[in-house]
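Questions regarding the structure given below will be posed in turn.
By written order: A, B, C and D. Residues from 1 in each chain.
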Amino acid sequence: MEYYPAWGRNQLFVPGPTNIPEPVLRAMNRGNEDHRSPAFPKLSKSVLEDVKRLFKTTTGTSFIIPCTGTGAWESALTNTLSPGDKIISFEMGQFSLLWIDQMRRLNFDVDEVECEWGAGVDLNVLRRKLEADKMKMVKAVCVVHNETATGVTNNIGAIRAVLDACNHPALLLIDGVSSVGAIDFRMDEWRVDVALTGSQKALSLPTGLGIVIAGPRAMEAYKTATSTRVFFDWGDYIKFYEAGTYWPYTPSSQMLYGLRAALDLLFEEGLEQVFARHSRLGEATRRAVKAWGLDICTKRPEWHSDTVTAVVVPSHINSADVVRTAWKKYNLSLGVGLNKVAGKVFRIGHLGSMNEVQLLGALGGVEMTLRDVGYPVVLGSGVGAACEYLRLNTPLIPSRL
Amino acid sequence: MEYYPAWGRNQLFVPGPTNIPEPVLRAMNRGNEDHRSPAFPKLSKSVLEDVKRLFKTTTGTSFIIPCTGTGAWESALTNTLSPGDKIISFEMGQFSLLWIDQMRRLNFDVDEVECEWGAGVDLNVLRRKLEADKMKMVKAVCVVHNETATGVTNNIGAIRAVLDACNHPALLLIDGVSSVGAIDFRMDEWRVDVALTGSQKALSLPTGLGIVIAGPRAMEAYKTATSTRVFFDWGDYIKFYEAGTYWPYTPSSQMLYGLRAALDLLFEEGLEQVFARHSRLGEATRRAVKAWGLDICTKRPEWHSDTVTAVVVPSHINSADVVRTAWKKYNLSLGVGLNKVAGKVFRIGHLGSMNEVQLLGALGGVEMTLRDVGYPVVLGSGVGAACEYLRLNTPLIPSRL
Amino acid sequence: MEYYPAWGRNQLFVPGPTNIPEPVLRAMNRGNEDHRSPAFPKLSKSVLEDVKRLFKTTTGTSFIIPCTGTGAWESALTNTLSPGDKIISFEMGQFSLLWIDQMRRLNFDVDEVECEWGAGVDLNVLRRKLEADKMKMVKAVCVVHNETATGVTNNIGAIRAVLDACNHPALLLIDGVSSVGAIDFRMDEWRVDVALTGSQKALSLPTGLGIVIAGPRAMEAYKTATSTRVFFDWGDYIKFYEAGTYWPYTPSSQMLYGLRAALDLLFEEGLEQVFARHSRLGEATRRAVKAWGLDICTKRPEWHSDTVTAVVVPSHINSADVVRTAWKKYNLSLGVGLNKVAGKVFRIGHLGSMNEVQLLGALGGVEMTLRDVGYPVVLGSGVGAACEYLRLNTPLIPSRL
Amino acid sequence: MEYYPAWGRNQLFVPGPTNIPEPVLRAMNRGNEDHRSPAFPKLSKSVLEDVKRLFKTTTGTSFIIPCTGTGAWESALTNTLSPGDKIISFEMGQFSLLWIDQMRRLNFDVDEVECEWGAGVDLNVLRRKLEADKMKMVKAVCVVHNETATGVTNNIGAIRAVLDACNHPALLLIDGVSSVGAIDFRMDEWRVDVALTGSQKALSLPTGLGIVIAGPRAMEAYKTATSTRVFFDWGDYIKFYEAGTYWPYTPSSQMLYGLRAALDLLFEEGLEQVFARHSRLGEATRRAVKAWGLDICTKRPEWHSDTVTAVVVPSHINSADVVRTAWKKYNLSLGVGLNKVAGKVFRIGHLGSMNEVQLLGALGGVEMTLRDVGYPVVLGSGVGAACEYLRLNTPLIPSRL
C-alpha cells in the first residue's frame, strides 16, 4: 500500500532516514527466530564487536538498544551521571537543542552555550568555562558531532585537546548520530567517553537501534551514577553479556541481521573509502550550491558537514516551498529547515548508501525546483559544478578494476 | 547467512517472538521513507487508531513506542506514578517478577504479593489489601494479564470487580504482552487505566514496537506524575499528535507498515475468531499434554492460558534437555523453563500467526523429543487427542466456504 | 552475495531489464503456492484480462507464457503460420534481425527488407511489395514496434493503413517488447493480429513472462497453422482456460502476483500518463544529447523512441568504453551498441519504472563518463537542457496535489 | 493481496511447487540487473557448473532455460532427435502420458508401453522391445524417473543395464523433474544421455527454470538432429557459452541468484544427507498410510517414491473431497488424483525444503481430514507410526551437534 503513490523511485535525500541498500533489505527479509537459541549469541557477539570498529575503539563496551537516537542520548546520560550533575553543552541547532532539553528534564544542571545556528563549538568559550571550573564541578561536556539541522561538524579532537589543556576530568559525551559511519570518528584517539549513533543514518538501516559505546571512564562512572534508569540501564546488558545470552529483553533479529549486513558493506568498501566518499559528495554538493549563487548555513569551512548541506534560500522564498514542490512534483525528498531556520533553509542529506549519480539526480531535481519556486538558477549549473569535482575525485570501483 | 543451518523450516513455538505471516513480511520489505513527508501521517494515524481495537477501547490514547515490552512497562509506570508511590503487584512468574524489579528500580514502593508459580492473582489477597488501605495510599495495582513463564491467565474483569467492590481509586495497569490480540481484552469494559503489549507476540511482527494505551484516568494521572522520563514521556507524543506529525523522533516505517498489515490480518479474520482460534489451539495443546500423562504448570483451569502452555516434566528429566533436543534434532524451537521453574517445565507457545496443522507438527515433534530424552510417551497419543478436539472445533475457513 | 560490489545504488539505464518498483518486489516476496487450489484462478483470470488493457484490445485472447521475448516470438509465429509461409519483415537492428533469423530457422520464407540501422519501416517499400503480391502469397507482415538496438519506433497505424490500402490479408504480427506499456499501442484500432511483450521491459518485472495477444484473425489462423509446437501451443492454454484452471503447466505464482502489482501501478498512474511520462523522458534525453553536441542513431524524428535513445559517439571514441567506464566508475549501467553499431553507439534506456530525477542522475553520469573517455562535453549542459524541458512538462503528482 | 486468506501458514504438501526456504526467498528479493555487465557471467558460470553436481555428472553440458518442465522435455527431444525417429516410452501416470503426448506432437514415432498406474517400467518389456529392434531403429528410450502422479520411482540403473545387455545404442532420456535433488541420480554412472529437472521441485525455487543436462552422446546427436527448434536450441546457448556471456536472451537474475542459494543449501546439507532425508520422510509417510489402514498407489516396494506418496482412498470416498476439505478447513494443500486415478488417490508431496516436524503436521492434518470425509481413521495412528520411524532415523543436525 502506498499512501501517495508516484512514478519511479522516491529519491530520498533527507539527512536520515537514509537509503537502505538491497543486501541489507535482503538480510532483513526474514521471519522471527528464537533469540534464546544457541545460535543467536553468535550473531549478537559479532555485531556487538564490530560496531566498535565504526567508532574506532577497542576499549569501549558496546550497547545495541532497541530505541532511537533520543533513547541513545538518554542511555548515555543516565548511565554516567547523577541528578544535579553539571553539564556543559552547546546549542547550535535543533538536535543539540533537543538533547539539552532532555538533559534538563533528566534533572542535570546544564550550562548551555548558545551558538549562532550555522556555527560550531567555540573552543575558546569551552576553554574559558573549563578553566573557570576550578572545583571541577562540571561532570560532562556533551557535544553533537554533526548538527543535522544546520550541517555543522564539530572537531572533536580539538575539543578533547581543550579538555586536556585544562586538565579537566569531565566526561566527554558525543552524539554521533549523523556522523558515525560517514565521517571519521576516533573514539579511542579522542578519548570520547560515550559515543552513540542510530541505525537509520550512515548505517543505512531502518530506525530501531540506538548504538552506544561506553569507554573505560564511562564504565567507571556507571558504577556511581545514580540517575534512575531501567530500560536503558547498562547493567542489565552486562549481566547478559556475562551469561553469554546478550539480551536483557527480546531484540529484533531482523535488525541485527540487517546490522550485520550493513557493517559488512561498510567494511567491504573500507571505512576510509566510506569517509572519502562522503567527503566527495559533500564537497560536490557545496560546489553546486555555490554555482546556484546560494549560500549554505554553515558559517565556516572548518565546520562543513559531509553528511548534510543546509542551503539558505533567498529571503523572498520560503524553503518549505522548495521541499514541498520537490516532493509533489519530482518525488524528491529533501529536509526542511527546523526551528530557528524554518523557512530559511532546506537540507540535502548525502549520507549513507549513496553514490555520485544518485546525488547528481537530486541536484538536478533541486535546480528544477528552485526555478519552480521562482529562483532564477541557471539550469545545469550546479550539476555541472558537481560533475567537475566528482569526475576528478571519484576512484574506479575497486571490485571492478 | 544462517548460523546453525538445518533442513526445512524452523518450527517456532516459543511464546514470542512468533511466526510472521508472509503478508506482514511483504509489507515490511521496503526502503526507508521520509517520516516528515505529508504522506506519513496517514499511515501513522491509521495504526494509532486501529491498535485501540485490539484492546477494545475507544476512550484510550495510544502510544506506539520504538522499544520492547520492558520499555512499555516503563512508559506505563513513569507516566502515571511518582517516586515513592505505592503499588500492589503479584509475583507469579518470571515476567511479573521482572516488572516488579523494574518498579523497585524506578523507586516505587511495591507491595509484592508472592504467588505460587502456576497460580494467578488471588483475588482475596487483593481484596484484603485494598480494604486495608483505608488511606487509599495504593496508587496502582499492576497485573500481568498472561504470565508467559507459567502459562497463567488472570481474570482482569474480576480484578476490576475487586477494585470496584473496595471502591478503591488505584490505577489498574495491565501487562498484556502475551495476551492482547490473542486473548480477549476489554480495556474499556474493565476500566483498565494503562494496558500495553509488544509487537512480537500476538501481532506476529518483529520486536520493536511497545504499544501502550492510556485510559482517561491515566491521562489525568500523567499531569501530576513526577517520575523522571524523557524518551518514554507521553507528553512529547501528544505534542506531535496535536501537530499532526505524530512522532517525536524517527519511527521505523517498516514496522508501521508491518503493523498496518498485521492489524489488517487480525481484523480480516475477526478478533472474536482470533480469540476462538487461540482458545482452540490452547485446549488442543492441554489435551495433548494430558494424553502424554504429563501435567501443566497452571494450577487451575480458570487460569489456563490460550497462548502458552508450560509442561511439567517428570522429576528425573531436565526440561532444558527437551528444549535442546527439539532444537538440535528436529529444528523445533520451544521455550525453556525460567527461574523457579528452570529445568522443570518447557513451554509450547501457541500464539500469533498459527494454525491447527502447524500445532500438530509441533506436538508430534514434542512427542519424539520426549521419547528421545527418556520419557515413555505413547507416540501419537497427544497428537491424536489434539486432532480429536481440533477436528470438532475448527470452522471452515470463511473465505473458502 | 554481490559479485562486483559498489557503493550506493546501481543506476540501471539499459533498455531492459528495467528497474523494479518496490510494490512489485513486495508482491513477489512470497513462497510457492498450489496453482491447482481454488484460489489461483482468481489471480490468473485477473491478469489474463488486464494485460489486454496494455495492448488496448478487447477482442484479443491473451497468453502469459513462462519464457522470454524470444519465446513469445516463437509463440506468435508457430501458432499462426505453416512451414514455407511467406513473411515480409524488416531488418533494422539487432532485435528485428534476430526475429528474422528465428523465422528462417522455423522454416518460414522471409522476404527480408534491409533498412539502414537508425531508420524504421519504409512504408513505400512495404506498399510496393504488397502490391506486387497479386496472389496474396504473403501470409504475414512482422514488425518490431520499437527496435531496441537503435531507438527506432515504427508507426504501426501507418503500416496497417498500407495493408488496408493494398487490401492485403496478411497477418500483422508486432513485437512490442520494448514498447507495450510505455508507448501507446492500439491493438484493436490498428487491427494487429498478434502482439507480444516481455515482463522485464515497461512492466518493470523480472524476466520470465512472455505475453502474447492473439486477435480474432490470429485465432482463426491458429486452426490451420501446421507449424510444430507444443510448449508454445495456444491450444493447450485454451483447453485450460475452458476448464477454468488456466495453466497447462505450473506457472510462477511470484511472477503472476508481480504482474498483478505491476499492472495496478500502471493503471493507477493511468496509461495515458505513463505514455506521456515516457515521451517526456525520451524528449529530455534527446535534448541532452543535442546539448552534448552528439547525434542519436535514429534518422528521423518520426522514428524517435521514447523508451531508448542510442547515442552516436565521435568516431575516435569506442562506445563500449563509455559503457564500461560508466559501470566501473559510476555504477551506472548503460546499453552497448550491438552488431552493426557496436562501438559506435551506447544506449540510454528510459523505460519502465523511472522518473525525472532518476534520469537527470543518469544524464549527469553520462556527462562525466564522456569527459572521462575524452569527449569535451560541457559538464551540466545536457542535464540543464533536460531540466529545462522536464520542468515545464512534468505535472504535479496527482496523489500529492 | 491474498485471494482466499486463512489464518496461519499454508501447509504446502503438493508434489511441487514446493516450500521455498527463507535464504532462497532472500536471495531472490532483488531488483533487476544488467545481464550484459561484466559481473553477470560469474554468477552464470557458477550455477551452470554446480547444477551438474545435482545430476552427478562431470561430462554433461548444462542448460538453464527460462521455461517449465514441459519446455525442458521439448528441449531434450528436439535437440537430439529428428522427426519420425522412433522412441520407446512408458505411460504409467499423468506426467509420462503428457510427455508421450508431446513426443507425438513433435512428430516422433512413439512406441508407447502402457503400464498399470502404480507400476513402473517393466524391464522385461523393455528388453524384449530392444532385442526385437535388430535394425536399431529405436533412437531413444524416454523414462520418467519419478512419476509424480502415482508415486512411482523407476530404477534408471537397471534400465541402463537392459540397454547395455541388448547392446542398444538408443539414447536414454530421463525426466528427473520430481526426483533430481531429492532422490539419488547418477547421470554419468547410468550413462543417461539427457536428464532434466525443473526449479520448483526439489530445488525449492519458484517455477521458471528448466534445467537440462546433455551427455556427450546427446551433444553428438545434437549435430544431426533435424527437429525444428529455436527457443530451445542448445546451439544458441553454446554460442554464448563460448563468448563467455552465457545467455542468448535475457535471463531472470532473480531466479539465478535463487538457484545459487538453493544449490548452496543442498550442498551445505550434503547431497547424500538430502537423499537420506527424503527417504526418511517417504518411509514415514508410507508407515502412516499403513497405520491408517489405507494403501498407496505404488504397486511394489521397489517403486516406492521418496518424494510423493499417492494414497488410495476407500471406494466410497472421493479423494477430491479429501483435498478440498484439507484446504478449506485446515489450510493444508495436498495433491489431487489425476486422470485415471482422479477421485481415487490423493497425494502427499514430501520433497524439497521440508523436515520431520512439518511432515508430522501434514499427517495430522490428513488424519483430521479423513475423519471429516467419513473414513474412521484412529486419530494419531499415522502420526504415531511416523514418529516411531522418524525418531530412530533422524540424525542430529550437524551444525548443532
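Throughout what follows, a contact is a pair of C-beta atoms (placed from the backbone, for glycine too) under 8 Å apart; a residue touches a chain by one contact, two chains touch by 3 or more.
Everything numeric in this text was worked out from a predicted model, so none of it was measured.
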Remotest chain, chain B as reference, centres from CA atoms: C
Listed pair (B-D, C-D or A-D) duplicating the A-C contact set, over half by residue number: B-D
Chain pair, B-D or B-C, that carries the greater number of C-beta contacts: B-D
Rounded Å distance, chain B centre to chain C centre (Cα mean): 53
Mean-CA-position distance for chain B and chain A (Å): 35
Distance from chain D to chain B - Cα centre to Cα centre, in angstrom: 44
Shared interface positions of chain D, touching two or more other chains: 4, 19, 22, 25, 27, 29-31, 38-39, 327, 400
Residue numbers on chain C that touch chain D, as the complex places them: 1, 3-4, 10, 12, 14, 16-20, 25, 27-40, 42-43, 66-71, 74, 83, 102, 105-107, 198, 200, 206-208, 227-233, 248-255, 257, 260, 324, 327, 333, 335-336
Of all residues in chain C, those that touch chain A in their complex: 2, 4-9, 11, 19, 21-23, 29, 265, 268-269, 273-274, 277, 327-332, 353-365, 367-368, 371-372, 378-388, 390-391, 394-397, 399-401
Chain C residues touching chain B - in the complex, by the definition given at the top: 22, 25-27, 29-31, 38-39, 400
